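Everything on this sheet refers to the single structure shown next.
Order of writing sets the chain letters: A, B, C and D. Residues in each chain are counted from 1.
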């Protein structure tokens, strides 16, 4: 019998404790935590009060280290394809065309001063597939591939999630490819001639060429 | 009592107004509380629950539609109206359709006897309390019809649980109300309020004027939670166990009907408890000497205000409980009903009787 | 409850009364009802399906069906090199990513036989314990939901949010970190990391107390969980239970102490065991209490680690990472104490390739869940929900 | 030799003493000391002995992994065993069977852990476990063809009209 009453007593008292807690929160609802990010000094200062935000008008800022949307800076890419090999989900597709000797200057250097040796007709990142693991960033030798802290980049059409970072248009790429083949053919011819003459292969003379106009295509990411 | 009947003169006059053979006045009188309740249930019940729960959980709650999300419920209703009204192929169509209707009607029928102030009452039945308690049982029919008619196992579980629960909790609830009836010596809802109104304000209320009244008050409050399927007794719709209980298969407006019925009955039981124990439309303010606060805050409009405020207070407590407590298990629910509430209800009954005889 | 299993249609019972009067009772015609609970059910915590054979509200037998979230983790492992597997381990038990990564990395490190810098170890332990708290908060919160208490869940998630923000600040991602790398870490911690974690601990301690008052000590909660789903210690061991589940059965076993890894031997913490004063050993409440105690212990570990963590100028967390991760031929079974129990990796390397020949993940939830069939016999449906909740499954880890 | 490996070796010696040629030599490598069950039919007996012998008390099966040894034309399982509350030793046991139609005695009656793990091994590799109480697929659908973790597995083109390879 005493257990019966003690049960009722503990039941009532614990329910009262719980209700006191929820009522406290109810009255604390006049305070709001705000959108302080973890970088802000007063992040843990507001202990009570409402803690949710009205996304997207208010949002907790993502820290600078945040690993979200992949961005590639085509200016700095040397076309080594290491990221493509390292990606566990195969979301990066790269096609490269070797730069002919006369185009080296046109192709330019990276910001680190390294000579680029590949045109990049295709550098596609399927960010819908990307799992933001950051392995590609860690293997990139020129740091041209970065995860930006842009967390919300949803699209209505999934094909828009395929970001193109290549720096050649299709026509330009075809031209470069042809040029490379010509150069190769000339080289082979020269080599064959040299072999026929039993001489060391001579380097083919650089051909005169109109000024190249590859306009780097920043892709969608810059928008 | 002539005093009481004069209070009712306004509604009596209105209900006597006929348009030819059609009792237009009577319809209007009956419709006033219904319109109010429908509006309340549509906007403030659902909205209030969402806001209160949000604040208790450190959230903002609905904020998008209208200022502070005030029109959120309206948007929800519009959305529900547009939804396809699905009747499952295997369902018992008649029961499936009739279920929510019965429940909706059942929960609103009791409003007929709720006095909204000295002047507003749908029908001042001399068995008003009895009627109110009895009409709640109609909800059980609706729940059982929808649960069985859905042809869904979860719905069936919910319906069977609900019937067991509501029928069981009728007993302590009715006995607790009987204590109130003994104090007032009447079953008429209007007379309850009249008996508890007076110049001393809340000191006339049974909860404060009668030393035993707190026991039936608490018992009825707990039982009313169970009767309206509110937490911690929401086992018929226990979402973590039975998906959604008896309304698992419902969509669109039929689904909304269950919700409106739930908020309707929440107000109904809150109304009953405030009428029986807290004086209904009687003002809580006393007359202090020449400062006649009580007289100033009485009258038809004030009466409606007080009873609605009391109702809101109990609805707030119901929501407060819901967002604090876990859910009981079926057998624990029955234990609480038969082994705790019912014996205490009988004790309260006897004590009240003794008090009423020897006071 | 045992007779229920035998009861069948038109069963008759002969009940002798007195000396020779025999009453023959005939049951009403009843049938078992097959109730398919899940894969989309609020309390199966994901996509688990339980096929329950029920007799009224009593579950005669519940058979779990898995595989709805099977993502071929082990097949992938044979196609991806070792560093590439780490992000996949995050996705197994997605509530405790860092613990998974750590389990995998220490396994590979064992095979590689490399030395890890001390600072790296401390950072790993701090982040892993933070993640353990986050995971237990989800476990406790969702357990509240299973039993109908919604508010504790949101309080848990509010505090978990702070942990996720901290971890995002450290690693760059909120849930799927890829922070612990084989041989090191992806980044060093930010400059005022210690201060911020310390602030979190100060902030969090009163919140834990509030959570206990709101949920753990609540009489309805206690009544719903006490004595439900009791698992005796020897059966629990035989089922291979681990982590809070095993400790809930009163077995003093914690891999952080019994098979120590990282810097855990230097830290002072106690293995969480349920107090028989508040619960029955091995029941759902005991498992819940163990998780609750473990939150406190994790906070203690974090505080100690913050004190002991060495400050190194110009620290490079990637310094110890081998250029090419190609372990010598051999096999290894490594494990770590995850929030849900022992997460083990069996890795077979042929010594030639940078990809494992075989990588099997021994997931704690998979093993813990296998006792479901036994635990569910003769329980009511609400108790079944309470038991599933107390097992704290993450279907991503069950199905892998 | 590290202490842990010595303990495993000691445990192995007890088993060797009891079962003789039915178990192969112990491979006392530092990462995972193991021995192989040469006589597969004795596996259930060995398991029971390992669990119940008072000196061994391997009452806890940490893991059971299926393995495909394609070059040898064999499938196998690797069991990681240890003792909770008993001696602090650990050991791994390997059991192998033929790649086609091979079978291994089930130990799910010895350790309940093995029940689902053996189902998983069957699901992924296709060896049968004799005496298993519930020998079904566990992670793949019941009517899946092929055993996905075999090295020569070719994924089926369609499954119930759904294109399988993504």
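Throughout what follows, a residue touches a chain if its C-beta (ideal position, glycine included) is under 8 Å from a C-beta of that chain, and two chains touch if they have at least 3 such contacts.
Note that the coordinates shown come from a computational prediction; the quantities given were computed from them, not determined experimentally.
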Given chain C and chain D, the chains that contact each of them: none
Between A-C and A-B, the pair with more C-beta contacts: A-C
Reference chain C; chain at largest CA-centroid distance: B
Inter-centroid spacing, chain B versus chain A (mean Cα positions, whole Å): 58
Whole-Å gap between the CA centroids of chain A and chain D: 43
Whole-Å gap separating chain B and chain D, where each centre is the average of the chain's CA atoms: 63
Computed distance of Cα centres, chain C from chain A, in Å: 33
Contacts with two or more other chains, residues of chain A listed in rising order: 15, 18, 21-22, 51
Sequence positions of chain B contacting 2 or more other chains: 56-59, 323-325
Pairwise touch network: line, ring, star, complete, or other: other
Chain pairs in mutual contact under the definition given at the outset: A-B, A-C, B-C, C-D
Complex contacts: residues of chain B adjacent to chain A: 52, 54-60, 63-64, 320-321, 323-325, 339-340
Complex contact set, residues of chain D against chain C: 29, 31-32, 34, 59-63, 65-68, 78, 80, 84-85, 88, 92, 111-113, 115-117, 120, 124, 138-141, 148-149
Chain D-touching residues of chain C, taken from the complex the two chains share: 66-67, 70, 72, 74-75, 78, 110-111, 234-235, 237-240, 246, 251, 253, 258, 330-333, 335, 342, 344, 346, 348, 358, 360, 362, 366-367, 370-371, 399-400
Chain C-facing residues of chain A, complex: 7, 10-11, 14-15, 17-18, 21-22, 37-39, 43-44, 47, 51, 60, 62-63, 65-67, 86, 88, 131-135, 138, 147
Residue ranges of chain A in contact with chain B within the complex: 4, 8, 15, 18-19, 21-23, 25-26, 28-29, 48-54
